[in-house]
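Chains: A, B, C and D, in written order; residue numbering restarts at 1 for each.
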């Protein structure tokens, strides 16, 4: 199956779960979808198109909202599912029931963007230190890191 | 003079002094062989061709900070390395290096073969206690593995050592050695037993492929994880001395001992033990570590039956000869 | 493939009589390749002060300072303790002011000694 | 009785800091959990404040072993953002370095597998022969670890006729040695006994847990980005995807050795068909607002960079997913019901590169504290902390 037929199938059969879908580059398909239907959409993509491999989940801080991208691949191409969550209500559903391998990426999202992943099987922090202050999410654009002055050991 | 001889025997040859010097030399030979087999240099800079490197290592360890874990049993923790060292050095005294039937050693007696084997299995128990008293998880696992492995190799080793004794009709190391000096062809009858004994010695020394109790990629230092400084130095030295004694025991039982009095005997001792050390080093280089269950399965599936077979061969030869 | 007893042994025994391959490093050194990226070397005569290298340096190891107000003369301070030896400055420079030498033993005890000034 | 144990972050089997928390039943692992985050450097956040050219070297330093993987993945992503068509000769040289890096990484892995299994001689020999590849990389790029060969629009250095001949000559030696190791690893009983049947990961599990690279291919899934989503010049090169069906550590070893043999074929093809022409084209400094999802088959598996640009000379977002991170869920599945003795091997079988997998945020790196701790102070701090912990002697199950 080539990417064009994949796109056609998506547009034909999953109309109700997506907002729009298009070819963005060779072998790359982009889908915009509402976050409510995300697990169903991923389950359908996995079952109908064999998109079982989740490359990663990328989060992007757009200012007003967060964009979360699910990069799914099979042997023919990559489908990027794009959902948005407003900053006032940063919640997305967990996809671990569909793709168990997504757990680490979802935990990373929680750490780095403060997104709440609903129904996540394992909500512990993944990467941040144990004594990391609550409410600080380093990959948000408003979180800035002030580089401390460099100290060369050994005194003057 | 009558007092001087036992003192020399205990302290100089084959006692403490010789044993310690020779065991560091044996360690150097082992390391050098192992390194050259792997296309490396091995120790190079301390002394000529690195010959003093084992001594330097021991001195370094003696100079290091000596830490006893807070939760460990302090008296046991400190006493165990010394005990183990004393036991192995005692075992060395039974090796028939100086004494011969004409002038038996002060402590040789009929049945000393069993005593040496017994003394050599005591350090294993001490390793277990050392691991258990360290109260470290890795030490405990290591200690338990030491004991588990003991049940694997001890029986085949004893059976393998029995068959030359049965053939020689004696349990005394001197008499076994003299028997094979007089009948060198009969040594060939024990070839299988010799190989089994070398493999079991490797297991007793906890070297690859049997370094399961202190497999560093799995359980860090095994029973020695918490040991440092002087105590660790004792345990390291213990390994070398045990290698010398074990090799000496196998040489005395299988290879006809060390004939010819003081100096030729010494030469024979060096040649024969180094031969066994070479075999041990080659075995170490050619294999990979196995798992504890594989080790037990191997020794009961292969080593023990083969050792029994060897014993039967010895009994049959003995029966047909008499 | 079937299992054999000690298949490695012949090779090991052969090695016993071969020369070890280890290079005894501090006593003998292997030559560095022609394109080795060692220390940055700066030629003040060629510098036009465009500051492209300062902007491109990933490690912020380069400082270009104008020496006099009237002449176009520049000096460079190289923070060699930060330099990651990527040679991007060599690529970025329009006048070929930079080159890399073949030196690699640049460790010192005092980090301050790694601040090098080219005038 | 079960008891809980923590392995790492400092452990001889782990060459980099990671912590495995296990529930043990004697020597058998009942449950395992990974704790990450000991090696954070904040690369993703840092990349947002660096220009595209500076990030070229930042991405290279995500990892030491697969430095070229990360750099290439990033470079080809940015080239797509720039709508730049790289020079063909440059792409050939880039692919050549990719494959040489794969060879060096897989030889390194063979040695590590030997070392973790306690087979030191095997380790010494494979690493001795790995030096041959390292020398080739040294000739081509100048340095041994960070090749810094990529630039937008091609590569930074050309290779000349002499280097080409020299590489072709040394390739024969490598082929011969690889065959020898394949035979050796498959016929030494103690080594095979350690690898076979260890760390089972079924085909379905591997797919569900999104495993990548040799871990996935050893479970019988022929997924290889070089074939599925060809980048550089892989669509012109004849090669086969190596798989195995045994689903265990031995299978992963076999896959890697087969890939080595494929890599030699690819290198030979590349050198024999090296096109003439320029090796790089000029690249713009600014990048149009766009985004790209770049995939690359690193020696450890699929490497992913997601780059978003906003029209300036700095990326808006750079997301890096190293292959090791993708293999962690599979590792936990493999560890369950294994032996303690198998931990190093199972863990090594994914060829973990922890500094790759963790690259996010730095909190304090010692430098940021503003003062340097003396060893005695550190020790006092550790003692202070240790006093607060209640050490009651653990109840330990007698395993017999």
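Everything that follows uses one rule, which is that a contact is a pair of C-beta atoms (placed from the backbone, for glycine too) under 8 Å apart; a residue touches a chain by one contact, two chains touch by 3 or more.
Here the structure is a predicted model, which is why all the values come from computation and not from measurement.
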item: Selected pair, greater C-beta contact count between B-C and B-D; value: B-D
item: Chain whose Cα centroid lies at the greatest distance from that of chain A; value: B
item: Cα-centroid distance, chain B relative to chain D, in whole angstrom; value: 43
item: Between chain B and chain C, centroid-to-centroid distance (C-alpha), Å; value: 51
item: Whole-Å separation of chain centres (CA-atom averages), chain A against chain B; value: 61
item: Chain A and chain D, separation of their C-alpha mean positions in angstrom; value: 23
item: Multi-chain contact sites of chain B, meaning residues that touch two or more partners; value: 37-40, 285-287
item: Shared-contact residues (touching 2 or more other chains) in chain D; value: 121-122, 125, 128, 188
item: Contacts with 2+ other chains: residues of chain C; value: 6, 8, 12, 21
item: Touching residues on chain C, where the partner in the complex is chain D; value: 1-8, 11-12, 21, 33-37, 55-59, 84-88, 91-92
item: Residues of chain B touching chain C in the complex; value: 33, 35-41, 44, 282, 285-287
item: Chain A residues touching chain D - in the complex, by the definition given at the top; value: 25, 27-28, 52-56, 58-61, 69, 71, 73-78, 80, 99-105, 108, 111-112, 126-129, 132, 138-139, 145, 147-151, 153
item: Complex contacts: residues of chain D adjacent to chain A; value: 36-37, 40, 42, 44-45, 80, 207-212, 223, 227-229, 292-293, 295, 302, 304, 306, 308, 316-317, 319, 321, 325-326, 328-330, 358, 360-363, 367-372
item: Interface residues, chain C side, partner chain B - complex; value: 6, 8-9, 12-13, 15-16, 18, 20-22, 24
